[in-house]
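Common to both upcoming complexes is chain A, partnered first by chain B, then by chain C.
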Partner chain A sequence: MPLNKHRKLSPVLSLAALILLLVLLIILEQHQSSNRMAVAVLQKGAILAVAAVAMNLPNGFTGIFSLGMAGFMSIGAYITAILTIPTDTIESVYYISGVAGWVMNLKRALDVLPQPLLVLVALLIGGLIAALFAFLIGIPVLRFKSDYLAIATLGFSEIIRALVASPQLDRVTNGSYGLKNIPGFATASGSGVLLIPFAIAAVCIFIMILVINSSYGRAFKAIREDDIAAEAMGINLLKHKELSFVISSFFTAISGGMLAMYMRSIDSKTFQVALTYDILLIVVIGGMGSVTGSIISAFLITAAKEWWLRFFDQTLYIGNWQVPLLRTGFRMVVFSILLMVVVLFYRRGLMGDREFSWEDILGLPQRWRHRRVAIAAAKAEAAAPKDGGQNDA
Partner chain B sequence: MSFSTFIQHCLTGISLGGAYALISIGYTLVYGILLLINFAHADIFMMAGYFMIFAMASFPWQVAIPIVILATVVLGVVIERVAYKPLRNAPRMSVMISAIGVSYLLQNLATYLFSALPQGYPTIPPLKKVIQLGSVTTSLVTLITPVLTILLVILLMLLVRHSKFGMAMRAVSKDFETSQLMGIKINRVVSYTFAIGSALAAIGSILYFTDRMSVTPFSGTMPGLKCFVAAVLGGIGSIPGAMIGGFIIGITETFLVALGYSTYSDAVTFLFLIIILIVRPTGLLGEELTEKV
Partner chain C sequence: MPDTPVLELEHVTVQFGGVVAVDSLNLTIQSGEIVALIGPNGAGKTTAFNAITGVYKPTNGCIRFKGDILEENYPQGKMRKLYRGHDNGHYHERLERTPDEICRLGIARTFQNIRLFKQLTVFENVLIAYHSHIQASIFASTFRLNHREERQMRDGAMALLDLVGLADLAQEKADNLPYGKQRHLEIARALATKPELLLLDEPAAGMNPQETDELTNFIYDMKDQFKLTIFMIEHHMNLVMDISDRIYVVDFGKRIADGRPEEIQSNPAVISAYLGVQA
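Now for the complex of A and B:
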């Protein structure tokens, strides 16, 4: 049976694809100076893939419409940034109002760790604090109906942004001046620009896949399909919603921390509601409820937005004729129209709620053949309507 | 705080609250009928600000104001037709994503067309006239806003209570399907609802931006969220409730800013939302709804 053959083949193919990806990343990393754009796109793609999968967990799998992504990302980003900015140059970042004493003490205590470990610890602390926030606001907010929940989480993310930029926190977050000098992904030798973000992203996504495939994940899906029926089956709604929300926030914050490392400098304006909408765009285009859909669409959208469609934002002349419409901002208009088209006409997105599988890809020719045969049969039947017509009606 | 500054802040708060009230009526009407948070409403309000800038560039204010209201109504109705109507039978989350999509589109479109830099809002001479009330100086807009708001709300309530269209609207918001079976043209009711909401948003935008002096593509977002909270606070679906909610939020915000807590003024709005949803989910004037399986 060909399908069985495909089933045996798929782990082999997956392994091959993984090795190919690894080799490609290593090659790209060695030639990074001549492929800056590709490297940047892949880094950002990996970061947004984590954010998109994390957003998919409550929105696509649990059916709770949370719009607080930007808030959780800013928590992760600020904590990672504060903890990883080199202690000896931090005074120059906070040149306006100085660093709070306890932040300095914390940083000095953490400086005993080697640099790579410090980054991991910083990301984890960011994730845990965001998870704590999520837990606390989840207690009241997750009881609400879907639309109130959306507004409440959106409001939460705006509150976080206001707090981060507030003068009261000047000595911790540097207020509206933002943070700079954040170390990037590269180690001292310049390697790891791609491998490190990809490794972190892979671990995060892998853990989320484990959660989705566990009994908790099945409970999430039951809640998504029908929360009243799920409750009747003995699923504790609040507990599971809280779990999904907290896990999602943890990984969102980690992706926020990675975003800070990617951007090297952040301020409160980085984390506006538009950031949440950008991730929502990726999730919707990838398909609500599909992890692989989110990952594929994260890379596709990032590449299109930052690289392939850059020319939309520049005035372009062909000969003497200026191409109309092209100027700053047009790119984002195109993307918002794309989002509307997907929402209105292809509501399932790229993958719907299915996952990528080799069996589907390899089975395609066979299925096409079946379909052609079926269509041909239907045509033949239509051509000979002696007794068929009545039965069909 | 002396008595005259107190009165001054009261007036500012009531004026801001009036503008909020007009916007939140748009949310409450649409939510009452479609059970949809019209995220795009905030950006319709923002677009009305830009319409005013362009209308005032070539017309006197007496002509510009009707043009702005008309353009905003057209925008609102077109958005409903294009983005919400095809999804009438889709899951609630899809419609909400569509609303967010429209909001995202309008913001990006405004950035593209008018740039992200703040554009100066034109002054409407009679609104800016300075008047003296005892020891308090204020511009006329501060006094006009609450009066106009209350007048419009009374008008709207008369319309909803006593006209045939209002009866259709109430029927649709009670039960979408049954009212359809009774021969009510749902799509027309929904369109009119969006038209009313957008017209009020246009008036609200004139009053709001006259005080603020400039418009950016993102200047709708925060007032929009606050006005939705105001609608929930007053009881979603209730027009006087939206007005009361708008006034409460506007006055609270003004006093928090006056006392030097401007950082927390947005946070307090959402605190209101969370508290009201826990303590009294139906809002101050809302009706009790039972959830059907």
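Now for the complex of A and C:
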């Protein structure tokens, strides 16, 4: 049986793909100076993949239309940034109003940790605090449905942004000046630029996949499919929506923290609603309810937006003739048109709610053959009665 | 009384604004019975079901399950002025439960318009119902620390599908099942929550006579296998007269008759309610 063969083959292929990816990342990391764009796109892709999968958990799997991603990302980003900016240079970041005493004390206490551990602890604290926020606002907000929930979470995200930029918090978040000097992913020796974000992203996504495949994940899907039936089957709607929302916020905040490390400097404007829409775009293009779809589309969209379409932004001369339309900003026009084309041909996103599997890919030639045979048979059948009729006459 | 009844409705009134959907309904269901609730369209049958399963809160009255109070309410606030139900019994307590709590207590239901988890497989549909009694926390479940429980759930779901004759369709999407099988699956899913009382809301709606016969046998089988008490709303009179031990008839939210099938068939009040003849 060919399908069986594929099933046995698929773990081998997955392992091979993983090793290939690892080797590729290591090679890229060693030649990062000549591949700056590829490295940046891969970093951002990994970060957005975490955010997209985290957004998919309530939106695609639980049927909660939440648009609060930017708010949770900024919580994670600010906490990670404040905790990881080197203590000896932090005064220069907060040069206007100075650092609050308790922040300094906290930072001094955490300074005993070695740098890599500090980053992990900072990401975790950011995630936990975002999860706490999600839990609290979830209690009233998750009683809403669809659009109303979207508006409420959107409002929350704007409140967070306004809070972060407010002068009252100047000594904690540096108000509208933003934070800089955030250490990047690279360790002192310059390695880890790619491996560290990929490792963190892989762990986050792996845990979310485990959640989705657990009994609770099945309950989430039941709520998505039919909340009335789910409730009648003994699933506590509020509890499970809370769980999904809190887990999603935790990982969203971690991706926010990683975004801060990627960008090296953040301010409240980084986390506008547009960021939520960027992630929503990735989720919708990848397919609501498909983890692999979100991951694939996170990388594809980041690469297309930031890299592959770059040449549309540069004026180009062929001989003396300037190619029309090519100027700064035209890239986004092409990008938008591409998105529309994708949505037209893949109504439910690239992956729908299916997951990537080697069996599907390897089974393709066989299915095509089957379809060809079926079409040929249908044609022959359509032609047959005509002949029969002529013979009779 | 030898046994406490499985389900007892006392003066249950459900009022929406000025509309009294269920008016002071009393009924009692003993363990092991099959009881049917019939009545013309809009008589308040499904509303009564929704009050029992906690989807609607009764405006007045008390619902008992196995002798314990499941829900109790009295008209309060604005409803005190608006209340138009027959005021019987004086209730001063208020007890509300959500549908999921009531399900976990042992009352499962099916829906008039089938509500399966359409995009999920038949197997997952049943498996999800086992989630209602899960012991493990989400943490344990995520990291598979409850693999024994998980395996029990999976084995239980597969055994149940075997029992209802859907095992060979286990990996099929629920939406792709033929209509009759979807009805069976919905009952199987309700059974997976380990109920004592099963509420069936028009299980034979849209079925042809042959499918209805199959369903009758199926309901009998399940009742014996799971020691169920069954309370059903149904319009197919053949099925109702065949299967039920007792019948309650409601019209305009009020109970107009109750008794054994042959008594109901000859009851003038029932005939007038159905045919509109002056009694």
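One rule holds for everything that comes next: the second predicted complex is superposed on the first by the 371 of 393 C-alpha atoms of A that agree within 3 Å, B and C clash if a C-alpha of one lies under 4 Å from a C-alpha of the other, contacts with A are read in each partner's own complex, and residues count from 1 in each chain.
Definition applied: a contact is a pair of C-beta atoms (placed from the backbone, for glycine too) under 8 Å apart; a residue touches a chain by one contact, two chains touch by 3 or more.
What you see is a predicted model, and the numbers here were worked out from it, not measured in a lab.
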item: Touched partner set for A:V211, first chain B, second chain C, both or neither; value: second
item: Which of chain B and chain C A:N236 touches, first, second, both or neither; value: second
item: Touched chain A residues, chain B compared with chain C; value: B
item: First (chain B), second (chain C), both or neither touched by A:I27; value: neither
item: A:I375 touches, of chain B and chain C: first, second, both or neither?; value: neither
item: Partner chain in contact with A:M340 - chain B first, chain C second, else both or neither; value: first
item: Contacts of A:L154 with chain B and chain C, given as first, second, both or neither; value: first
item: Touched partner set for A:I228, first chain B, second chain C, both or neither; value: both
item: Touching partner for A:L163 - first (chain B), second (chain C), both, neither; value: first
item: First, second, both or neither for A:D353, with chain B first and chain C second; value: second
item: Footprint overlap on chain A, comparing chain B with chain C; value: 228
item: Chain C partner contacts - residues on chain A that touch it in the complex; value: 207, 210-211, 214-216, 218-219, 221-222, 225-226, 228-237, 243, 247, 353
item: Interfacial residue positions of chain A with respect to chain B in the complex; value: 59, 63, 65, 67, 140-141, 143-144, 146-148, 150-152, 154-156, 158-159, 162-163, 165-168, 228, 272-274, 277, 280-281, 284, 288, 327-330, 332-333, 335-337, 339-340, 343-344, 347
item: Touching residues (chain side chain B, partner chain A) in the complex; value: 31, 35-37, 83, 86-87, 90, 92-94, 96-98, 100-105, 107-109, 111-113, 115-116, 218, 221-222, 225, 228-229, 232, 263-264, 266-267, 269-270, 273-274, 277-278, 293
item: Of chain C, residues touching chain A in the complex; value: 53, 55, 98-101, 103-104, 108-109, 111, 115-120, 124, 127-134, 136, 138, 141-144, 146, 150, 153, 189-190, 192-193
